[in-house]
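Each of the next two complexes has chain A plus one other chain: chain B in the first, chain C in the second.
And then the complex of A and B:
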């Protein structure tokens, strides 16, 4: 019997197998941010174990609330800062260099095919886009990971989502994943790795694959995972060109992290996306999805473009394509949070920031902030946000607020109209120029 | 070795609904803490309190269920954010055991590390238990983790819990931080035996 990607990764990282179904696996990286890590750091200190398993495998960032907005968040940041300094953690990103962890760390080249990664953050599943096993954990598991470089997981079962067909203009990775979640349900992949495969995946950029894998958790998945291919190698090349003499050699090495033809999947969901239209969520659960046409005229108060789901340069380009030469509806406020300093810088160079600002957007520094209702765009009671983030839970972006999840282009279109509307009417149609 | 959690007795709180996420259990704005102490006051904060901090009409505010140690809910309990603050907030409000139709994976794991049994029951049993508690808030429950049975009066109900979690609870090995910190020397040795991986 062949193996899935996740099974291959577990087999190569297993250091203990205390009971039939439980595997202690060795970690290639432990990612840390300032909301869940300081508690682990404090606990390690109190146990007299203020150290890390391997300082080069710890990657840390202050991203959720940054720059600090009050004394308490300043204290969280301070603990991270002192910890990185005391323990000589070099890959630590503070104000000025910091960005949303799941956008920043891939951009720095910290994720490779076949890696195992944990973080005290449920959207760690994003990094599976590189053919890695990456999972969100609680602070207890994070703490053990920081100290010992291991984490326990049950043997991975994999649910395969096979995507075929041709993507229509105006349909983005966000529309695809929202559709997949609506098909699976919010617990449809619980205790499972979701492996994305099929011709659609081969055509997706790494950023788009990250958008897909990022929301695996919204269907309950442990990790989203894409088989590494030429696109993966091209993205990673600046970081791996000293390891391999050619891209072909790298590809040859990385394709071993692909599921075998006879691998056992616990379920296979086949979706032809040819008929898929731009979509939006409508309720408080990410599987409550309708087409934007069905949501047409739903008024919005705020547009939020950013987050680990959709705050990367391709997302900004897609939104800017809709916004170019247009203004936000006066009833709407627009917030753009480029996910990393590099995204921000590139957006400036490409003239995208001008397009956003001309449209009337407020451009904030890279941070998670508003996505989880902590800062930089929290909603008031009764307000509605068209958002490119990943969770529309009741009160997620602010108590009493309503969040409609959609692609950056759809969010931009809602900003111009003042209500949810089909972004395709704002896009240059093929053949028009 | 931690406390062995073998039997839990107490009264219950019926919290109807599926997919109750960890943002509901504790909103992110209460995650500015530096330890997990004192989070009980924030448990279900936006469910329990209105805009001006006034208590809402809700089962979690009802004197009938105050101080009850067993939380009963629906499908996919604890979905969303991985925040361990969520089970800590529940523990802080006095919850010692959860009974639901199913759980999100990270939440179930976090409960296990805190010594909170997260028991899964079939839909009809969940419905029946919710109704029993709503009809009579004073009804007593007893959970036997050795016999894997839930008792109330002369009724018996089966439940599911992953065997590794159950054994960790009954054998007093649920505090994985303490346990692993003390016992990982074997793993460290194994780690050294493995060839360096990739880099």
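And then the complex of A and C:
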């Protein structure tokens, strides 16, 4: 019997089988941010175990609330800073260099096919876009990861989502993943890895694959995974050109992680995306999805473009394509948070920031901030946000606020109209120019 | 080992997420104790009033996919500092379930029919859970009504509960 990507990764990283289908696996990287790590750091200190298993495998960032907004967040940042300094963690990103972890770490080249990664953050599943097993964990798992470089997981069953067909203009990776979540339900992939496959995936950029894998957790998935291919190698090449003499050699090495033809999937969901339209969530759960046409005229107070789901350069380009030469509706405030300093810099160079600012957007520094109602765009009671983030839970972006999740193009369109509307009416259609 | 007995809070809703259990704005706290007043602050459920419904409760019985969403261990911690060490549900989100056992607490699944039976028999009544951890048996009782159900958790989860959590277990074993 063949193996899935996840099974291959587990088999090559297993250090123990404490019982039944529980695997203790060794970790290639442990990612850390200032919300979930300080309590682990303090606990390790109190246990007299203030150390890390391998300082080069720890990557850390201050991203959720940065620059600090108050004494408490300043304290969290300070604990991270001192820890990185004390334990000589070189890959630590503080104010000026910091950005949203799941955008920043891939951009730095820290993820490789076949890697095992944990982080005290549920959207760690993003990194599966590289053919890695990457899972969000709590602070205790994180603490053990930091100290021992291991984590325990059930043997991963894999649910395959096979995407075929042709993507229509105005339909983005975000629309695809929201549709997938609506089909699976918020509990549909619990304890499963979601492996994305099919002709649509081959055609997606790494950034788009990250958007897909990022939201695997919203269907309960432990990790989203895309098979590594030429696109993966091309993205990673600046970081791996000293490891392989040619891209072909790298590709040959990486494709061994891909699922075997006779691998056993617990379930296969086949979706032809040809008829898919731009979509939006409508309730307090990410599986409550309608087309933007069905949501047409739903008024919004705020547009938020950013986050680990949709704060990368391609997302900014997609939104800018809609916004170019247009203004936000006066009833709407727009907030753009480029996910990393590099995204920000590139957006400046490409003239995208001008487009956003001309439209009336506030451009903030890279941070998670508003996505989880922490800072930089918290909603008031009764307010509605068209957001490119990943969670529409009750109170997520502010107590009493309502969040509609959608693509950057759809959010931009809602900003111009003042209500949810089809972004395609703002896009240059093929053939026009 | 922690206590897994006491008065039950019934939460009749699926998909209660960790933002509802403890909103993100409280994640700036760096002590577990500071989370105590905010447990279930944003729970969206008709008729639920944390101030009235929470005091004295040490067990939660709920429906599907409890603890979905964020990985925040602040959710189990917020339960823990309110003396709630056990949640019984049809099923759990993976990270929440793991976090509970990692803290030496329990997230125990029961069959849908069993959960239905518990809601049908006891919801709205003062109900007590008694847990026989070694014998893997729950006894639910209210007045003259009593239901006994056996439960299953893996040997690994059991050893985490006995060890008081994953840090001590891992430190000893790896």
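The criterion applied here is as follows: the second predicted complex is superposed on the first by the 433 of 433 C-alpha atoms of A that agree within 3 Å, B and C clash if a C-alpha of one lies under 4 Å from a C-alpha of the other, contacts with A are read in each partner's own complex, and residues count from 1 in each chain.
As a working rule, a residue touches a chain if its C-beta (ideal position, glycine included) is under 8 Å from a C-beta of that chain, and two chains touch if they have at least 3 such contacts.
The shown structure was predicted, so the numbers you read here are calculated from the model rather than taken from an experiment.
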When chain B and chain C are modelled together on chain A, clash or fit: clash
First, second, both or neither for A:95, with chain B first and chain C second: neither
Which of chain B and chain C A:38 touches, first, second, both or neither: both
Chain B versus chain C as contact partner of A:220, first or second or both or neither: both
Partner chain in contact with A:428 - chain B first, chain C second, else both or neither: neither
First, second, both or neither for A:268, with chain B first and chain C second: neither
Partner chain(s) touched by A:381 [first = chain B, second = chain C, both, neither]: first
Where chain A meets both chain C and chain B, residue numbers: 15-16, 18-19, 22, 24, 35-36, 38-39, 42-43, 47, 49, 65, 70, 72-73, 75-76, 79, 120-122, 124, 135-141, 143-144, 147-148, 150, 152, 186-187, 190-191, 217, 220, 222, 285, 372-374, 391, 393-396, 399
List of chain A residues in touch with chain C within their complex: 15-16, 18-20, 22, 24, 35-36, 38-39, 42-43, 47, 49, 64-65, 70, 72-73, 75-76, 79, 120-122, 124, 135-141, 143-144, 147-148, 150, 152, 186-187, 190-191, 217, 220, 222, 284-285, 372-374, 391, 393-396, 399
Chain B to chain A touching residues, read off their complex: 19, 21, 23-24, 27-29, 31-36, 46, 51, 75-76, 79-84, 87, 102-106, 109-110, 113-114, 162-164, 167, 176-177, 180-181, 184, 186-188, 190-191, 194, 197-199
Residue numbers on chain C that touch chain A, as the complex places them: 14-15, 17, 19-20, 23-25, 27-30, 32, 42, 44, 64-65, 68-73, 76, 91-95, 98-99, 102-103, 154-156, 159, 165-167, 170-171, 173-174
Chain B-facing residues of chain A, complex: 12-13, 15-16, 18-19, 21-22, 24, 26, 28, 35-36, 38-39, 42-43, 47, 49, 65, 70, 72-73, 75-76, 79, 112, 114-115, 120-122, 124, 135-141, 143-144, 147-150, 152, 154, 186-187, 190-191, 217, 220, 222, 243, 285, 372-374, 381, 391, 393-396, 399-400
